[in-house]
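Remarks on the structure that follows.
Letters A, B, C and D name the chains as they come in the text, with residue numbers starting at 1 for each one.
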Amino acid sequence: MELEATLGELRRRGEGALMPHVYFGDPSPSFSLRLLRTLAGSGADLLELGIPFSDPIADGPTFIASCERALSAGVTPRDCLKALAGLREEGLRLPVLLTAYYNLIFSRGLAEFCEEARRAGAQGLIVPDLPVEEAGELLREARRRGLHLILQVTPTTSERRLGRIVGEASGFLYVIGVEGVTGAREELEPSTLELIGRVRRLTSLPLLVGFGISRPEHVASLLRAGADGCVVGSAIARIYSERLEEPESTLPRISDFVRSLKGATRRKT
Amino acid sequence: MALKGRFGRFGGRYVSEVLVQALEELEEAFERLYPSPEFQRELGILLRDYAGRPTPLYHARGLSELTGCRVYLKREDLVTGGSHKLNNTLGQALLAKRMGKTRLITETAAGQHGLATAMAGNVVGLEVEVFMGIKDMERQASNVKRMQLLGAKVTPVTTGSGVLKDAVSDTLREWARSSRTTHYLMGSTVGPHPFPEIVATLQSVIGRELREQILEREGRLPDAIVACGSGGSNALGAFRPFLEDRRVRLYFVEGGGESLEADNSAAAFQLGRPGVLHGALMQLLQDEHGQVKPSKTRAAGLNYPGRGPEISYLCEVGRVKPVYAFDREVFEAVRITCRKEGLLPALETAHALAFLLNHPEEFDRGEVVVVNFSGRGDKDLETIMRHLYGA
Amino acid sequence: MALKGRFGRFGGRYVSEVLVQALEELEEAFERLYPSPEFQRELGILLRDYAGRPTPLYHARGLSELTGCRVYLKREDLVTGGSHKLNNTLGQALLAKRMGKTRLITETAAGQHGLATAMAGNVVGLEVEVFMGIKDMERQASNVKRMQLLGAKVTPVTTGSGVLKDAVSDTLREWARSSRTTHYLMGSTVGPHPFPEIVATLQSVIGRELREQILEREGRLPDAIVACGSGGSNALGAFRPFLEDRRVRLYFVEGGGESLEADNSAAAFQLGRPGVLHGALMQLLQDEHGQVKPSKTRAAGLNYPGRGPEISYLCEVGRVKPVYAFDREVFEAVRITCRKEGLLPALETAHALAFLLNHPEEFDRGEVVVVNFSGRGDKDLETIMRHLYGA
Amino acid sequence: MELEATLGELRRRGEGALMPHVYFGDPSPSFSLRLLRTLAGSGADLLELGIPFSDPIADGPTFIASCERALSAGVTPRDCLKALAGLREEGLRLPVLLTAYYNLIFSRGLAEFCEEARRAGAQGLIVPDLPVEEAGELLREARRRGLHLILQVTPTTSERRLGRIVGEASGFLYVIGVEGVTGAREELEPSTLELIGRVRRLTSLPLLVGFGISRPEHVASLLRAGADGCVVGSAIARIYSERLEEPESTLPRISDFVRSLKGATRRKT
């Protein structure tokens, strides 16, 4: 349940971290719960639990649809926190990062939101629309409660800002390899591997790479390039979105898929 | 307005990390290029000869008789394309060109801003892609055709409710993909810093002209200026040069929609609270959890749940009075303005007129009141005819 | 231009006896009121603040590159309502008001003149009735709605072919009934004396501005001015202040229609001969017996079989060169102007552009050529889209 | 066949003149010929033979339709002149006035048109869109060939112009009692009677009143007011226009109608 411990342990084992990313409540809270349990049981090392938002500007079509479905199902931020608390009670031990667009946090109040997140059992926050320049207050409030505010770096991030981000970051760095939004892609872009190298030179913080990862081969080459782990999101949502009438029926496939990704994290040379 | 990019607590730059660099470059380029004499010269010529500036300040006798005030209309409807939008797009298109961009992307609701972007793109020589909510494309079909004729690619937005808010989101997403070659030509005083500042600066030409014209006409400043708005670009354009003149009352008229009840309005100052959307902290329609609520008004150009950071700030500190007009008042104001002045206002613009016509308690007899006549209503012709004549 | 009311042999006052008195009164009133300082002042203010004058002279870089000339556009599309028509209607409406008339009647084809009359009527406070050919009402449906919104009565004309010529006839008939209380607000430089003189005088503001602007811009007069026309009002408005400057070439572009074969064209200078219609002797499309032939062109505003007396004269004596553009060239000119300049010209206006684009033999490289950009093409949007994109 | 003689004779008899007005060729030349014969045989004292024109601006709906039908039937000015010549050959003796809008005359050439009109057997010309100011040349050409150019006066004609018109007129004056265009009306307007009085004071030329006359009572009161005769046009066209499939069938009704009008010209007190 300790983020740094989990990542440290994986690094010691020479293994990459796998963090599946799921928007909670898509298409229903009960399915999300089963999905999270499946992910935890199929090799996930950490979980990214997204709170659905009305205007997810950093997300692509798959996750936009996820958010829309979750919101139509009436899911609120409070529901997401309660669900996490429930999973903890059940015994879920993996580190969990809560993803929330900034207005959800701002609307609740920064301190209140952090407090609730901590109590529900989260280890950190990911805020897709909060660059480091705007993050000061949330960094303070999160740290005060032992939460990591995960910062992102992208191919467009300048050297100067990279320095600043690395300086403020804790837990891990979220490395966004592509220019664009979330969404499964067929190929990794060369810019991704380059970026890992650039960041690696600056910091020993774990680097988790996200956006566009959909295959074990992707995972393997990212780890080879120096990443400490991968985030896989849309590729999972894509699987159950194909059978929305009966999403549970896709859980075995998702489990296989996650296992195969996890397998790739172990193949690190 | 302490911090750069902040208006009081409003504003900021709440965007994906991937966009920060583009915003910093834009800020730097604007600060460097905009004040330069060549840029000013080139923009000045385009504003004069292409856009048709200065626009007149028209003493509207019919409306004056009706209201008992000396009503002036600042004729932004006469700008090429039919609204104030071109003031902004010409400036940003020039900027983008000088920054070496090859393409403009933007979003549009009423179509006026998309049209103005397509025009500016053609004048300056940049490709243009316009994101437009699928519902707005239906409602403003003639502007879609105009944009297509001008060679712009119009991309339908089907996410969310298929309206302006969703189009902004999709344009931001596309910009995240393409910001190295592409400029996002923001259409109003919204979005992350430096957009609100750039757009307000470019639109301020309205107020500078207005100030000179009213001084020449009346020998004094106006008692009040009334402007409609959502993001606030036409209002800030008119207001900015008067902010220090505390005796000039400034009214910002938002879309009241059908009523001030939940989900029937776009009146964010009445029904919203501060929140973060599309990169900035601003007055925002949202539910208790911070989910953004869709706005509702018959005026596509006012149909946005957020008020830009600067107008949010000015209303918060009391310098600008936020008011609203209901749809039915707006249609009636269209009818009256057609009959009394021979001018067909845009539905957006008619909000400002409706407020003036329906709030005699705000204006003393003989006061000098300027309405920023932000656009013409040709684009709304079908909607207006259907509403007024049922066919 | 020897006799009063005559331009060479053209012009005159060939009307029913019942209208002579009204024409004499109008002539007298125009000569007395128009030069008076109050009239000039009032008209000047309306032209500036309501119509939006002076209109810009825009150096069109895209078209300049294409043609090798220095192309300027005189931006009459920016006049309120979208064409030069308001220059004339404001003046005549003021005149009618001062003559004690209570009502304006007129005819319209493209709807631009009807719209401009409705506007002027509302500004000045006169009732307006517009006669419009039933076919033109279909083709220019949006302008019909605009007129109705402004409160004008639009009366369909079903006689003849239901086009402009028939609408003029019906308006003359209505005027014969009502001339004591009603002013016929003639829309172009046609009709019995003093209409051609009044309309050309009121439109000359175009050319006066143009002259000043081009001198300021180029330090010299233009090599050529190109204007489209049927009656000739926008052309004469642009040409008149240059008539004595023999080195300024003047081109008058009429509607070539589909081809110069019988019944497929509106090119009266190519296919007509002098004749009398609607009160004046002028260049006229007619058959061997003197029956007036219907003209044909996709531009409703050029779809008139007669050329006004003054332009007929100027072409006869060689001061103006009458030329034409075919429909297909016109649509292509629309497309090019949209793409290169971001401006959507009226189909009428696009005739002038098409001539410039298709006749390099008429214009030397580097020559300064002014196109009178008489109107915007919003009214033609459907027709243009259908033609260019087949839907 | 002499216009002045005919009108002089009627005046001597204390009888009003009746001049029916017909657009030739509506709906066909053959019908027009039968119609003209019928009119001549039912009491007409003069005939006004209209040459159909494409843009008859002084005419109302009935005659606009007449012109349109005649032109669709292909009727030319030459056909009209030929028809008149034919009627003369048949023995028609009534004075005939040819009505032509000015462009038909201008297009043919003024001298040529007058010459042809005279040869066809016309006594004069009526040109609805030619006020006295524009009539100089045609007056000369017509006079030179013994043709009357009939001038019009209306309620809007000023005293000054009335003087000039009376000065140039010959044959008779065409008094248009109403402000407007041709077309049958139910009631005479008071302005008509006034106008007759005004003109009567200035000239002893015969006054034929036209526009809007549709009933014997109209005729009677006009004559009482000092007119020398009436022109009846649209009221006749209206009768046969109702049965365009078989216009000949209306000839008896037209004959009765004209007889009743003629009757009214004799009731002069």
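Methods note: a residue touches a chain if its C-beta (ideal position, glycine included) is under 8 Å from a C-beta of that chain, and two chains touch if they have at least 3 such contacts.
As the structure is a computational prediction, the values presented were derived from the model and not from experiment.
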| item | value |
| --- | --- |
| Given chain A and chain C, the chains that contact each of them | B |
| Approximate Å spacing (C-alpha centroids) for the pair chain A, chain D | 97 |
| Rounded Å distance, chain B centre to chain C centre (Cα mean) | 35 |
| Chain B and chain D: spacing of chain centres that average the CA atoms, whole Å | 67 |
| Multi-partner residues of chain A (each touching 2 or more other chains) | none |
| Where chain C touches two or more other chains, by residue | none |
| Overall pattern in which the protein chains touch one another (line/ring/star/complete/other) | line |
| Touching pairs among all chains present in the structure | A-B, B-C, C-D |
| Contacting residues of chain A [partner chain B, same complex] | 53-61, 64, 68, 71, 76-78, 101-108, 128-131, 133-134, 151-158, 161, 176, 179-181 |
| Sites on chain C touched by chain D in the complex | 12-22, 24, 159-160, 165-166, 169, 172-173, 176-180, 274-279, 281, 284, 286, 288-293 |
| Residues of chain C that touch chain B when the two form their complex | 45, 48-50, 52, 55-59, 61-62, 75, 77-78, 80, 118-123, 142, 145-146, 148-151, 334-335, 338-344, 378, 381-382, 384-385, 388-389 |
